[in-house]
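There are structures below to look over.
The same chain A turns up in both complexes below, where it pairs with chain B and then with chain C.
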Partner chain A sequence: MNIVGVAACTSGIAHTYIAREKILTAAQALGWTAHIETQGTIGTENELTAEQISQSDFVLLAVDIKIGGTERFSGKKVVEIDTNTAIKSPTKVLQAIAANLNK
Partner chain B sequence: MSSHRPNLQLKKHALTAISYMLPLVVAAGLLIAIGNLSGGSVITDYSASYNWADAMVSLGVLGMGLLPPVISAGIAFSIADRPGIAPGLMMGLIAHSIGAGFLGGMLGGYLVGYLVLWMKNNVKVPRWAEGLMPMMIIPLVSTLIVGTLMYFVVGIPIVWATNALTDFLTGLQGAGSFLFGMIMGGMAAFDFGGPVNKVASLFADGMLLEGVKEPEAVKILASMVPPFGVGISWALSHWFRKPIYSFQERDNIKIALPMGVCMITEGVIPIAAVDIVRVVFACTTGAAIGGGFSMLWGIGSPVPSGGLFIVPTMTNPLMFMSALAIGSVITGILLFLTKKRLSPEDLQNQASINAEDEAEVDVSSIKFS
Partner chain C sequence: MTVTPPLDMTAVIHPELIALDIAAQTKHEAIHEISHLLFREGYVTDPGAFAADVEARELEGPTGLGQGVAIPHGKSPAVTRTTLAIATVANPLAWESLDDELISIIILFAVRDDDAETVHIRLLQKVAVLLAHDEFIASLHTAKTAEEIANLFTRTA
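Let's turn to the complex of A and B:
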């Protein structure tokens, strides 16, 4: 699996980055490739490239707030969860999504 | 992006607005505190002379006055995208002017946001008028309608509710204020930055706008009790040779402590996730009792976040530290007493994390689109 995603939380200083780390670690453990962009209070970091997006199997949004740039994902399978879910159970979320995609 | 979803996502809109509001409220609160500490007061007459401290206080007060417009615009933006911003700002200004504050700003933002969204999707104009839609028709019609409503209908009960709440809180004494502090503190610590915490937090921020600073101090205290309490229980387990944390958890505690100093409770989540009942019980109890004392002693905070760094700006920093210490020690002792002693094997076994350790996810709640 090849995924891209965005993480964004309310205060934009903690959850956002924890969620990114958790998803990246979980994806790595599953042997997937993952690129996660953060939209924190400081602004966008690790911005996704058009190539990363076009090569991805699905888009994982771990967001509590409205984010920018969602038009980049048109035509993609987009899954939205909150940052808490991404932090608590990253692997289960990824596995659940993969199972759903394979149906 | 939410325009085609059936569900309203009220919470997401509020959180989006709060995310835009936070830097403003922190800067404004600190400016007021710095100005007050340097002996300044609000400038009422700009033609008279004023000093730097007065200017800082005034800037902070101006910034606080921006909160209802920013909240309102943030919500309207989250609902209706760009066209929501201008009408949202104006609804927030009404809320500020009529004394409906934070609650009025939120309501104005929701009303005008959904109206703008509806207009975007449903009002069809001839091709030559398409440019007029975002530039004139949407902003004029939406502010005219919701503005009238805000001034003459919905604003009135909100002003009444805001005043009643403010009077209630400022009138609290003795056992009443202790109980209120316990509820606030317990809620703020209950889910380590989750939805229950956000409700308490939103309430405290709203009260700060009305000049009631005590709930904010309770919120800050309750956000720091869990990490400090866990730290204390770890120290106790070390001194009394009762191992209650695995190696993995010890590493997590070392990260949670500095996060706690900055008022970020989330560092405790990994500790809570593996032993949810005991950790939540201990943290909520400690924060509730600490919060009770904070309210009882009338400690107020002019700043909504910043952890230990903003304690000097509080009305009574020493008493705040005492209340924080009481709450943290209670949490620490409760954790030390209730958590199970780990065998040497457990210490090692739990060091590995895998999918089985993760909390159960309700997969049906995951939205696919």
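Let's turn to the complex of A and C:
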């Protein structure tokens, strides 16, 4: 699998970055490629490229707030969860989405 | 050519802001006790106002990460220097957490209300990344002294 995503929490200080790291670590353990953008208190980092988005199998939004730039994902399968779900069970989330894609 | 200075974790990890075995019996008491520590050490101008901002954030969703660690945070005008304060509690506390377990380590993020402190925010991000790893959490639980706790953060900088 090849995924892209965005992480963003209410204060943009901690959960955003924990969620990103959890998703990246879980994806790596599954042998997937993952690129996760953060929209935090100091702005957007690790901004997704058009190429990363177009090559992805799905888009994972781990967000607690309304984020910017969702028009970039039109035509892609987008799954939205909150940051705490990404932090609590990242592997389970990724596997469940992948299982649904193949149905 | 722009040279980015290396991020030095000691800018946000201060041994005087690490308190072991605090006596707080509730989440509310713990937040206030740590807020007063930040005030005494000169990082917060008004501990009551800061604690209120931290508790307001608590209402927006759980800050217990699971594995006994909570990361309350306040972005507050009462903060003069963005920093972390860390406390271990003598008696584990009830705290909204992703695994519904009690909390024994509190890592409080005190963040200035303006966005000028970009370097400090980046350091807090690095701390957040550390906290995403089970091994790091396990080593936090085995640390016995404030110095050992500080070293866990600074050695990875």
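Observations, loosely collected:
Here is the rule we use: the second predicted complex is superposed on the first by the 103 of 103 C-alpha atoms of A that agree within 3 Å, B and C clash if a C-alpha of one lies under 4 Å from a C-alpha of the other, contacts with A are read in each partner's own complex, and residues count from 1 in each chain.
Throughout what follows, contacts are C-beta pairs under 8 Å (C-beta built on N, C-alpha and C of every residue); 3 or more make two chains touch, one makes a residue touch a chain.
Predicted, not measured: the structure shown is a model, and the values here were computed from it.
Once the two structures are overlaid, the count of chain A residues touched is higher for B than for its counterpart among chain B and chain C.
In the superposed model, A:17 makes contact with chain C only, not with chain B. Of the two partner chains, chain B is the only one that A:77 touches; chain C does not reach it. In the superposition on chain A, A:95 makes contact with chain B only, while chain C stays out of contact range. In the superposed pair of complexes, A:64 makes contact with chain B and with chain C alike. Once chain A of one complex is fitted onto chain A of the other, the partner contacts of A:3 are absent, as it touches neither chain B nor chain C. When the two structures are aligned on the shared chain, A:87 is found in touch with chain B and with chain C. Chain A residues in contact with chain B (one complex) as well as with chain C (other complex) are 10-11, 13-15, 18, 41, 64, 84, 87-88. Considering their complex, residues 10-11, 13-18, 20-22, 25, 40-42, 64, 82, 84, 87-88 of chain A touch chain C. On the side of chain B, the complex with chain A involves touching residues 1-2, 12-13, 15-16, 18-19, 22-23, 77-78, 193-194, 198, 259, 264, 266, 269, 273, 305, 354-355, 358-361, 363, 365-369. Within the complex, the chain A residues that touch chain B are 8-15, 18, 41, 64-66, 70, 77-81, 84-85, 87-93, 95-97, 100. Chain C makes touch with chain A in their complex at residues 57, 60-62, 65-66, 71, 73, 75, 98-99, 109, 111, 115, 118, 121-122, 124-125, 127-129, 131-133.
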